[in-house]
């Protein structure tokens, strides 16, 4: 049985102007469990708080009801007051008689009546309150960054800079990601490699950062502050710590016909390879799909030329298990496949390329050493057509592309067009667009320079068809402004392919119990207010895995994610929200219904032995809530048909008591 | 014996209803049930009602008393009121016998005033069973469906209803309706009795006997291994209990109305896992024990405490209503056979 | 008439008992009358020869029994009709038993007879004879009555949703197909009524409820360790309904708790001693789910995500949904 | 002032409305309505829940049993749930629940779900005004009442 004190606040005239506070206090004094009831001008003032503290001592109160302003205003204040006077802060309930009563009702009679009812509901709830103590869990002071592109690199560097160890897991043999494949960056036109590679070196040299390249996360267990992660280190058949990166093997390997993914298959590499000159780690990797030694057991050339003795054909995948306090997802993006866009003849002509392929064609380290040459015959193209929004902003009914805008294409196409005109003024450049979207610092100026200074032909309209005819590409398009059909004989067509999240993201999201939208972009905890946190505590988002973004945006999000991680790792212990779900194991059916609706993956199942009411012993599958992970939404409590799942602080019985009091 | 032709039966009901509340079986989507007669209600032709007639004296829920709270004061309110006289028409022999069984429980000291009040204000017009069903076995318990007990016994033929007063109360009622009935020599009723007795011979359970059961059989049956198989597929629902005319277990529950407490008595079933649950748990832990309890009570414990009277009247309701077709007949036959084998 | 005979099932069971695949058989045991069959365990061929039956009154859904049955040692053989296999899968989805401890023999079903309808045909049933299209009821006093078999089917069989087994280890006879037999017609009829008519309909039906809990206790979706209506801590517990509110509360909440999990096996209506058409509550949820969120059949696949533990960003709003359930009607 | 007097002063029928409001959006929206002094009838009594998905259909029936004439559930707009997905589940649960109540012949206007953000004080007040008016027109809840609670 509770001993409840009721404290009605006048809030000057804010409440007392419309509500007869004395009547409220008197009426609530008669409620079950109430042993003291009073009213005062400002309960939140020092003097008001002292009234509460004194009453707690004098009347041995076990529960407090404050009838005052919104709990969003002063719940914390009164909880602290209660705690200071020695009772559990969660024994305090607020009846909101200001914002939800005196301020919205003008009539004193109905205002007073309602205030009493709200007070009764609060009393009824406190009668069933139980002291709650937030749980504490230690924090493992190490972060994991999944993905080694610019997002992952920046996040790792920032976290390491604050003094915390960070591991980067990258599935490719080197970090660097998409940015390493870019030539120049908009809108400043500085060289991507020039700004990226120093950061890659920083990562390599930072003693707080470990790089697990050519590796994948295979399992994530645990919760915020305490993740247990298994990382698969794929066999690269080259001892990472022994290889000097001299590159001798990559020149001697007899298998020369391996499509070079770094150049998007526009040239070849060997079966043993280093993706590019500035790779980090600069270590060779054997491609098991092409290596003759691994496939047939006959060759061994690389082993012979390696003076360091780094080659190990018997290497196996290894699994590393590590604990982390925080995880940052930076799995990035890929251009979508052009398979479904045959109207642009991508599969029919080598001279129809994607924008990323164009980047490689114009890059000094690319297949043409930076000379803009047609992939088909190595000739210089004189007419280039850029097609925007290939697979972006598609109709929701269309199964070909994405509904969203890929955001970066307008700007990089302007960059490509401008650079082409700059280097090869004899080239005619057409850009077909739906809209040109340039909302960014110096973006619109950049686009206008392309049109005004460089004479790029921007045509509003879509390309309908590209047909290879001899050495030419016949481009059929519409000019919506002129209202006419255009036929352009092009030498090269560049498709601004939509970008989509990396395919590895979906299984990763499942492991992390982080939610994704229908396009497989990770969902943020709040679209406006918590944009770099996933809804799963301790999991943060960096870069294009959360949505299409350019480099500056990616880097700022990477920094923001790092700041959040640092904020978390700074703590020695995490204090949870005590209003969490808990399962009555004796009633739980183990049906997994609650687990399916939990947005945080806070519910797990264990097989446990129980002494049943019929005095038999039975092993039963029951739900357990990880209090450190549960955020207290209560979704599981309604999903659970047996009522085994309840929410502390908002228990079914408490809410029903409030309902009863209101409807009395 | 008085007679009224069936085409005037409505007049009979109207005449009775002018004096008393009159209840009679009428048809619903869910079978026959007792309803208060009003103009337009038609007497059901079903052999029996789905729920038994025990509801009249021992209703499913009953408000025993109220506690009014105001502030911190509690006031106890006696909700009892004197029942008006009422007539139940068309009660079959088995259900009439069930009242005797219930009387043994509720009218034993200390008497149940709620039950007694209603019992004293009731008039029972019983009806002979013209066409018993295959599930009937009332004769097993010495009940004669052709000659039920009650204040007035009725026989319904193709064209008329015959009424024979068996008690003073019954005679008084017949007197009141004298003007719309005619005297009868009882021949038709006798003829029907004969037909009924012939029909009883044909019933599949006609030879079922309860001889092997009785108050002294606890030791013999309590540990019988057959209980395990008999109870194996029991769902633990309360259908058998709630349609049974003699089951009389109840629980007392308080309902918080927000203004006070209403104390209810409500039917309970010994088949329920929560039956008579106390702080230490429920006394019968398994469905086997709960199942055994129900049948041991009817066939052994009740007769032990009530001069050999069985707490089953052979109405057959549980035979047709059990979701898994397990019932007292199967129990009696199975346990009986076991005994034979042992001999 | 059923396509498989008692003998076929006994032979199959004997074979599986003999070769050690199973060590007991869950089947039907004969009783006093033709319709009087009880679910029972058999461990020998002799016991089956003596008491095992299979026929038109073997309607009980055995899936739920497996929850308790699989807690025992060894493996049990169970004969499942197509509709039972949906419940079987749904129970597996909810981790209610160990699949390894059950051997399922799928058996075809041509619809089971409704005892209530048979009893309405004649008083005093001596026996019932199934001649395929027609059924002859031998009465104790009134001679024989022959009626169309189809007329003797319960609603759940008339509206059979599937003749296809969705789970089995072995199948006897031919497997059927998922069929459309207008099982939402009755629901639609109610939807077309005015709210007053609907209220009157349900008030009349639910007022007969005696809270015997048979619907719940037989329901294969109701396998809670303890039902909220039995749990004094739940705040909604009540032993016997004291007024019509509690009957509504019980049936609404029960239907809601099984919504998206109910396979529409129809056991609730079969066992109701008051013949309340409880399946019409469940079917309303199923129909709404199909209309609002796309077709979903609980139990069709093990592990499928039930509609109430799922969502899409484009789900209809509640007001829109309620409206829609009428427009479609 | 006793409750009796209050009742006597209010002769016209006023409905009793229970509003379940999500702590993060609608409850804050109600606070904002208060800050802006946007009036709505005192018939509305708000119960704070962490998320609209905490509202068990049992609570709704309970409110009707105890004498409520209308029940409204307010949550964050779909997609804006503080807990990412709670209101999506609310939407499904309540769609089915309300459809069932309608099927049982209970006036569908007595139940409602509205999405009100923390910034929508005006929407909150307008919604409550509209809901109160709608329920007031329907009159007392008879179809889901429990007479025991009305004595």
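Chains here go by letter, A, B, C and D, matching the order in which they are written, and residues are numbered from 1 within each.
Definition applied: a contact is a pair of C-beta atoms (placed from the backbone, for glycine too) under 8 Å apart; a residue touches a chain by one contact, two chains touch by 3 or more.
What you are looking at is a predicted structure, and each value in this text was computed from that prediction instead of being measured.
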B-C or B-D, whichever has more C-beta pairs in contact: B-C
Expressed in whole Å, how far the mean CA point of chain B lies from that of chain C is 30
Per the C-alpha centroid definition, the whole-Å distance linking chain B and chain D comes out as 46
I'd like the Å distance between the centres of chain C and chain D, where a centre is the mean of that chain's Cα atoms. 37
Geometric centre distance via CA averages, chain C-chain A, whole Å: 46
Would you please write down the residue numbers of chain A that are in contact with two or more other chains? 597, 639, 652, 656, 660, 663-664
Spell out, as numbers or ranges, the residues of chain B touching 2 or more other chains. 255, 258-259, 273
Listed in rising order, chain D residues that touch 2 or more other chains are 57-58, 62, 66-67, 79, 85, 89, 93, 148-149
What topology does the chain touch graph have (line, ring, star, complete, other)? complete
Which stretch or stretches of chain A touch chain B in the complex? 30, 32, 613-615, 660-661, 663-664
Quick one: which bits of chain D touch chain A in the complex? Just the residue numbers, please. 1, 3, 6, 9-10, 16, 18, 23, 27-28, 30-35, 37-42, 45-51, 53-59, 62-63, 66-68, 79-80, 82-86, 89, 93, 125, 149
Quick check: in the complex, which residue numbers of chain B touch chain D? 255, 257-259, 262
Quick check on the complex: what are the chain C residues that touch chain D? 187, 190-191, 195-203, 228, 235-236, 242-243, 245-246, 248-249, 252-253, 255-256, 259, 281, 284-285, 288-289, 292-293, 307-313, 315-319, 321-322, 325-326
Of chain A, residues touching chain C in the complex: 518, 586-593, 596-597, 605, 618, 621, 639, 641-644, 652-653, 656
